[in-house]
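Dropping the structure in here first, questions after.
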Amino acid sequence: MSFDVAFILSTLPAFLKAVGVTLQVGLIAIATSLLLALVNAAILVYRTPYLQRLVKLYVELARNTPLLIQLFFVYFALPTLGLKISGFAAAIITMTFLGGAYLTEVLRAGVEAVPAAQLESGRSIGLSEGQLLRHVILPQAGILSLPSLFANFIFLLKETTVVSAVAVPEILYTTKSYIALYYKTYEMLAVLTLICVLLFLPLSLLLSRLERRLQHGQFGS
Amino acid sequence: MASSGLELLLVSLPQLGKGAAQTLAISGLGIVFSTVGGVLYGVLASLNLRSLNLLLRVYLELFRAIPVLVWLYLLFFGLPIFFALSIPSFWCAVLVLSLWGASEVGEVVRGALRSLPRGQREAGLSIGLGAWQLYGYVLLPQALKRMTPPTINIYTRIIKTSSLAVLIGVVDVIKVGQQIIERTYESVLIYGALFLFFFFICYPLSAASRALERRWTHA
Amino acid sequence: MSALIEFKGFNKSFGKHPVLNNIDLKVRSGEVVVILGPSGCGKSTLLRCLNGLESADGGHLRLAGEELLDPRTDWRQVRQRVGMVFQSYHLFGHMTVLDNLLLGPLKVQKRERREARAQAEALLARVGLLDKRDAYPRELSGGQQQRIAIVRSLCMNPEVMLFDEVTAALDPEMVKEVLQVIQDLAREGMTLLIVTHEMAFARAVADRIVFMEAGRILEQRDPESFFTNPQTARAQQFLEKFSFVENLPTLPAKELS
């Protein structure tokens, strides 16, 4: 089995660009999801009557359906209703829809995980509800949520490969295109695997380290 | 408009049914193999043998670093080349979902076993139980409650991820849906129906997982 | 009469840290040996080496003449002959009391259910807990669970019973009910190795006191001599911690190095 290194090198610029697209889609999706999740989490924490149920319904719908279906719906079905969207935009919208739901759950869990004892001691030294939220709940919820947030960020980054299905030129789409054009399957798959390992493995290891570090801080064990 | 939509769905039911059977078959097999593999992984990981743990870690990180869809392509395009093995895309999907699922379930099982008090293992050994007996009668039954809610969540993810099989050519429920759309242009209806199909399978599972977690955390 | 249990030149370390140092100890059949000593002196480790929960690093360990420190040793067999009861009882929480008791006899010793059940119920009755046979461990008090843990080990028909600080985790009012069970076993002539901090109990039940410190045995004597006339300064200091009596007889301290 020969390994056409020269060919691989010739494709590197294209792959570099593809990594850029992956990061672009991923990072934008992370940012928009986080914003959406913050709004949702606020609604849930403050228990706004009508909106609360809406948020809960949204979260269940988004978390219990595949990204691919959501993507196809936005990209293929919506145009028939007059809404034409590019692959890139469809990708961002769909990933925000999905990511927002996941992150909302993470933030909600973070707030609920703040021990009741903290709230009691806060109230017993006279903090108002607003101060309690700002100085006791949010910081601690933030720290408790960090590993989960980071894990979901990595998840969103990895899910960008799915948007290759609507011709967004990220790493998987680029790999498939080159295979279709030049038949260098072996080489292209090798490059794809290498990129994935270089891109995602460090993040995953970082997450493990973060989880371990925070566990020590939490219970002092 | 609505009635003709419903009519279309009813007429397409047999076709969609066949596609759904494929989707459920892939998911179902993935779930079964993941569970078996995951329990094996978890038990092996809890033996705390250094070389074994290294192997398991490499396996785990490989499936975490490389997204499932990439694995699908690696196996689908790569196996013919590397091993001169041509597997039908259905089994490709099952294999990938099983390997990935097993690593996820395995971590859950390992965590659950580790959370049991160390004395359970010692008490079991002290009455002469062998390794199989220790895990079978003492450790796994007690770990079961802690393992189940997260594992059900993994099952949900397996079902959702099985949708990716359409991208390597499996004629699953999505492919069938797309074929119908090609004829009838009813994309909103069909994709909407597919959306609800997955929702009505996954939502009960998620809800069950939450209910069990609530019930068993206070036990 | 040769010893049932024999430690000879026995060594164990955790990594570089020596925990048991050149231990020589013989226990005869039917003897009750109580091991005393400050925390960290290695007494629990000594017990755990006897049923294979800890591995040894050197020396000899014999049970009824058989060398246990042999790679061919089948610890499953040994553990049926050497029963152990733990500080935190560790009953199997997902099984009823009766199932806890029957697991070993049925699955390990492959005995007949009727015979095993009869023995289990008889032993339960002896400790006064027959009515709890269908209860789950979480429904029982610590003292009840510990008594059942003892019965669980007894159902395996062991030759030796090891007790590792079995009352240390109990509320004070439940300590006696457990100690009485152990005392009954001693009276029946069972070979017992007991690690405990209950001094009055040690004095009452032991045939011999073994005093350890920093992985070594410093004194081995009958209980009366040990408690009234400890020979080493270490032992004296140790006993002082448990005494509220002001004036202890000051002895010319003979240091056994």
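Labels for the chains are A, B and C, by order of writing; each one numbers its residues from 1.
Following the convention adopted for this analysis, a contact is a pair of C-beta atoms (placed from the backbone, for glycine too) under 8 Å apart; a residue touches a chain by one contact, two chains touch by 3 or more.
For clarity, every value in this text was computed on a predicted model and none was experimentally measured.
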item: Pair of chains with maximal C-beta contact number; value: A-B
item: Chain occupying the middle, per Cα centroid; value: B
item: Between subunit C and subunit B, distance of the C-alpha-averaged centres to the nearest whole Å; value: 48
item: Subunit A and subunit C: spacing of chain centres that average the CA atoms, whole Å; value: 56
item: Subunit A-subunit B separation of Cα centroids, rounded to whole Å; value: 20
item: Sites on subunit B touched by subunit A in the complex; value: 61, 64-67, 69-70, 73-74, 77-78, 81-82, 156, 160-161, 163-164, 166-167, 174, 181, 185, 187-188, 190-192, 194-195, 198-199, 202-203, 206
item: Of subunit C, residues touching subunit B in the complex; value: 51-53, 75-77, 79-80, 83-84, 86, 88-94, 103-104, 107-109, 149, 152-153, 156
item: Contact set on subunit B toward subunit C in their complex; value: 117, 119-120, 122-130, 133, 137-138, 141-142
item: Subunit B contact footprint on subunit A (complex, rising order); value: 1, 60-61, 63-70, 72-73, 76-78, 80-81, 158-159, 161-162, 164-165, 172, 175-176, 179, 185-186, 189, 192-193, 196-197, 200-201, 204-205
